[in-house]
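One structure is given below, encoded as structure tokens.
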Amino acid sequence: MTTDETETTTETDTERAYTNSELMVVAAARELESDDSVLVGIGKPNLACNVAKRTHAPELRMVYESGTIGSNPKTPPLSIGDPGLAAGALSIEPMRNGFNYYLQAGRLDVGFLGGAQIDRYGNINSTVIGDYDDPIVRLPGSGGACEIACHVNRTMIITPHTERRFPEEVDFITSPGYVGGREGRAELGLDGGPEAVITDLGVYRFNDDGELYVDSLHPSATRDEIQSKTGWEIEFADDLQQTAEPTDEELRLIREELDPEELYTDQAE
Amino acid sequence: MSKVTSMHDAVATAVDDGDSLYLAGFTHLIPFAAGHEIIRQGRTDLELIRATPDLIYDQLIAAGCARKVTFSWAGNPGVGSLPAFRRAAEEGYPTEIELEEYTHFGMIAALEAGASNLPFMPLRGFIGSDLPDHNDNIARVESPFGDDYVYAVAPIEPDVAVVRAQRADENGNAHLWGIQGEVKLAALAADTVILSVEEQCSEETIRSDPNRTVITADEVDHVVVEPYGSHPSYAQGYYGRDNEAYLSWAETAADRDTVEEWLDEWVYGVDDRREYVEQLGTERIFDLEPETAYATPVNMGEYR
Amino acid sequence: MSKVTSMHDAVATAVDDGDSLYLAGFTHLIPFAAGHEIIRQGRTDLELIRATPDLIYDQLIAAGCARKVTFSWAGNPGVGSLPAFRRAAEEGYPTEIELEEYTHFGMIAALEAGASNLPFMPLRGFIGSDLPDHNDNIARVESPFGDDYVYAVAPIEPDVAVVRAQRADENGNAHLWGIQGEVKLAALAADTVILSVEEQCSEETIRSDPNRTVITADEVDHVVVEPYGSHPSYAQGYYGRDNEAYLSWAETAADRDTVEEWLDEWVYGVDDRREYVEQLGTERIFDLEPETAYATPVNMGEYR
Amino acid sequence: MTTDETETTTETDTERAYTNSELMVVAAARELESDDSVLVGIGKPNLACNVAKRTHAPELRMVYESGTIGSNPKTPPLSIGDPGLAAGALSIEPMRNGFNYYLQAGRLDVGFLGGAQIDRYGNINSTVIGDYDDPIVRLPGSGGACEIACHVNRTMIITPHTERRFPEEVDFITSPGYVGGREGRAELGLDGGPEAVITDLGVYRFNDDGELYVDSLHPSATRDEIQSKTGWEIEFADDLQQTAEPTDEELRLIREELDPEELYTDQAE
């Protein structure tokens, strides 16, 4: 980033001086509001929260499954229990308290999840591909994900969009989305639900039935590409947008401050 | 009477073949040295219980110690999957392992039931998930007050827990700061407890700050003083996480042979944690040390 | 944005006639100043919830603020009974009060349910006791796993909790040391929380020792900085319990008139806690101060 | 106490140079063993624990309902939550943890209770005299007592023996003793139970049916006095003992160190 601000903005528009992984981080950051408490995951979610906190959401409170409340890491953590999340936090809770008093009691607004499979109702599988008792791939399992999906008000899903990841129905529900639709979720007594799915192709949201639709396309992506990698006929918004591109400041934060070693993002020059 | 002993003797006394075991510590203060000693002593048929099996259980599984893994997230934190766990789960190598699976919250609630001597613990968890269909220790329970329901989990009560803390007195009263995880619950829920610490301190030090005490002597059977006993995990204020070790485990464990070589070099090839640390070398250890940042003091007062 | 305000304004905003109220603190850090302000502002029909009503609720009852008391031990700790509580319970003076009664453990479990957003909390309590026959919020529940049972209590969720701590930042992140009691649960279970502290501190001070944080800003609506706000209860490290005040309450409150005189002098006769402390006098306050005894420091480390 | 040890012992035997309240404290102290964890109450139980700790039970661990574990108070506390119980304790637990992890989980060996009424099966009433909904006397209620009586291995009851206090049946069971007998308690799933009742007249224990009997008489008391103040025909041990008298050291501890202001004991010269 050697050019001045005005020039770079122009270049960005025309030459795409950012990557889709950078765009994913930025799109996720923009979902956050300053008074949110966010249950942060590692990788892109952590970058997204830190971009948001350093731009439009300075009061954002970052909470980790390890029980650190109001963490303020100086460098991006490699795990959700790093010492830099504990040092300088506002509070550290035993693990049970974090889940019991914070998550279950509805004190967390936003949670970030990934997953090996996401279906048309936003249900997530991070447990097994294939049969539970004789798996083709044994995945790590829920961890905190199931109850995050149950209890935060807005679940954000960040994942690359590949064909395998978007089947019509997941092999195993690890974490509930809208189950069989918004009513299915409500019948279980759950509020909230998935708010957005952010992939390398676009930003998707959920319609009144609780079904996934494409809300904005990334500049590099096409409708056909998304449809061809999705296991059902996916809906597109009538007023389908183009995802807003990263600003220079957002890119600078990612590249210089938050992920200089490109652990979680591929970075453009 | 002092309970201080060596990790060798603590493991030899406390851990039998077939035991259920909880090596506690959520990312922080993971008892790696204890895990390695259990491998060295050749224990088999263990039920390995841990929310996050992490590298420590991947190593025990690779060494053939496991018959069952009870867990809620079996990955390499921030890196990817656990190769030895997957080989055992998918191919039955080197041993078949039975899996008992929870969510983090469900696992912790089960430990809470064990720690509390309760027959079950309710939680608003597992809702809409397929997990309860695959675990008989998860059941739906109706509320006795009004129209509402929860899931309940049965207690987890390990035969042995190994927990770590920064400092403890000779009886096992321990101060632990930073991330607390499920350490206290594991110590309370288990029949036998090995407490390993970075430093031994006086009872007076413990009594100077009783709010910092996470484990009391009542729960503890053996105290082991073992600096760097959590490497490559960390001890808040003493040393940081050795991320390099976590990152390289993906390659080390990807292959049956390379993991054997690793075990030979870092577990079977050393007698104890002291030799392990020597093999790591001073520079690597020094690189992990944080700058000092003391907590603002508090006055407990002296009341006569 | 700072939440710091006066106790007058906090009570005027947060507490309405008819509210259910939990003034927390088990012996330690009882919010006497808040109680007095509620009396001064003439609130009525309150449901007073507290494991130990203590002098604070005896004063509120004597002043005619109460319609109901939810409790588990209604005595003057170490001294005897609560005269105003007994007059209300036995004679309906100055107001009739309804009682909802628990054991300590049951009461704390009900707060735990409230703090956790659970429809009930199990405990091995009330066994063999006649209490469950007199409280519909206690029910027997069979275990879903094997042949066992527990009692369950329904959640307690007060409209307002007043809690105290030694120090907090302007947002309400608070360090509390010494006896913790049910302070955290009350703050979590209540809709609105007034936090009163002995001293205001910087956010940096809080962040220097996150394991010491018992309440976070998330739960707190109003922060009141009020030194000696717990007298005649105490604040660990700041001042001791004024036993004289507890002992003399037995006589003060024994009679309708003497308790009125006491309220006139110590509650209605002062504007706020500052005037109350002035009326107490420097010598009495100084006599309660402990010698200094700092906790042994801990290093959190600085991780970059 | 100006005379030397040998002389005083002799005086004690012949002139009763101690009071029954001092004897109660000492008799209670002798029930304690060095490896016991005791849930201590205020007043005589606290004195008894401190006498025991300073004589035959130096490792005795004192736990209070307020959550202080291993307290080591320099002076006797007025309440179970005094600052001197917190300062210098081994640990301080939030109130829930004390009840949940320590008491309920069976980690406490001994608990001391008082009560307005104790019946022939050691059931205790500290709730109401008369009808619950229209009481003659409204007592403080259970506090921690009910669950202490449920969960400690040995409940010790310290109380003066007056006629009102020993009815055949209590008006209200606050804290279970042997309920309708040892089997009644076992059917509820409870272990442990009342071990001893220590009054100003004697030390009583429980027989195989779970019924109270007099095990030892204090030197100043008679069988008739106990029977006349008891609401049923109370049993006396076949080998009825005389309660062992306080030693000089025990009396010195009470008078000089633990209760110099006679807050909890009447003291002889």
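Labels A, B, C and D are assigned to the chains in the order they are written; within every chain, residues are numbered from 1.
The definition used in the following text is that a residue touches a chain if its C-beta (ideal position, glycine included) is under 8 Å from a C-beta of that chain, and two chains touch if they have at least 3 such contacts.
The model shown is predicted, which means the values in this text are computed figures rather than measured ones.
Relative to subunit D, the chain whose mean Cα position lies farthest away is A.
Interface comparison, A-C versus A-B: the higher count of C-beta contacts falls to A-B. The distance from the centre of subunit B to the centre of subunit D, each centre being the mean of the chain's C-alpha atoms, comes to 41 Å. Centre-to-centre separation of subunit A and subunit B, using mean CA positions: 29 Å.
Subunit B and subunit C have CA centres that are 37 Å apart. In subunit C, the residues touching two or more other chains are 117-118, 123-124, 148-149, 178, 180, 208, 211, 236, 240, 290, 293, 300-304.
Multi-chain contact residues, meaning those touching two or more other chains, occur in subunit D at positions 68, 82-83, 86-87, 92, 100, 104. Checking each pair of chains for touch leaves A-B, A-C, B-C, B-D, C-D. The part of subunit D that touches subunit C in the complex is made up of residues 42-43, 65-68, 77-83, 85-87, 92-96, 99-100, 103-104, 123, 127, 132-133, 135, 137-147, 149-151, 172-176, 179, 184-185, 188-190.
Across the complex, subunit A is touched by residues 26-28, 51-52, 71-75, 77-79, 81-82, 85-86, 89-90, 101-105, 108-109, 111-112, 123-131, 134, 148-149, 178-182, 184-185, 234, 236, 240-241, 243, 246, 290, 293 of subunit B.
The part of subunit B that touches subunit C in the complex is made up of residues 117-124, 137, 139-141, 143-146, 148-150, 152, 154, 166, 175, 177-178, 180, 201, 205, 208-209, 211-212, 236-238, 240, 290-303. Of all residues in subunit C, those touching subunit A in their complex are 115-118, 173, 188, 203, 206-208, 210-211, 213, 216-218, 300-304.
By the touch rule above, subunit A contacts subunit C in their complex via residues 37, 61, 68-70, 72-75, 82-84, 86-92, 100-101, 104-107.
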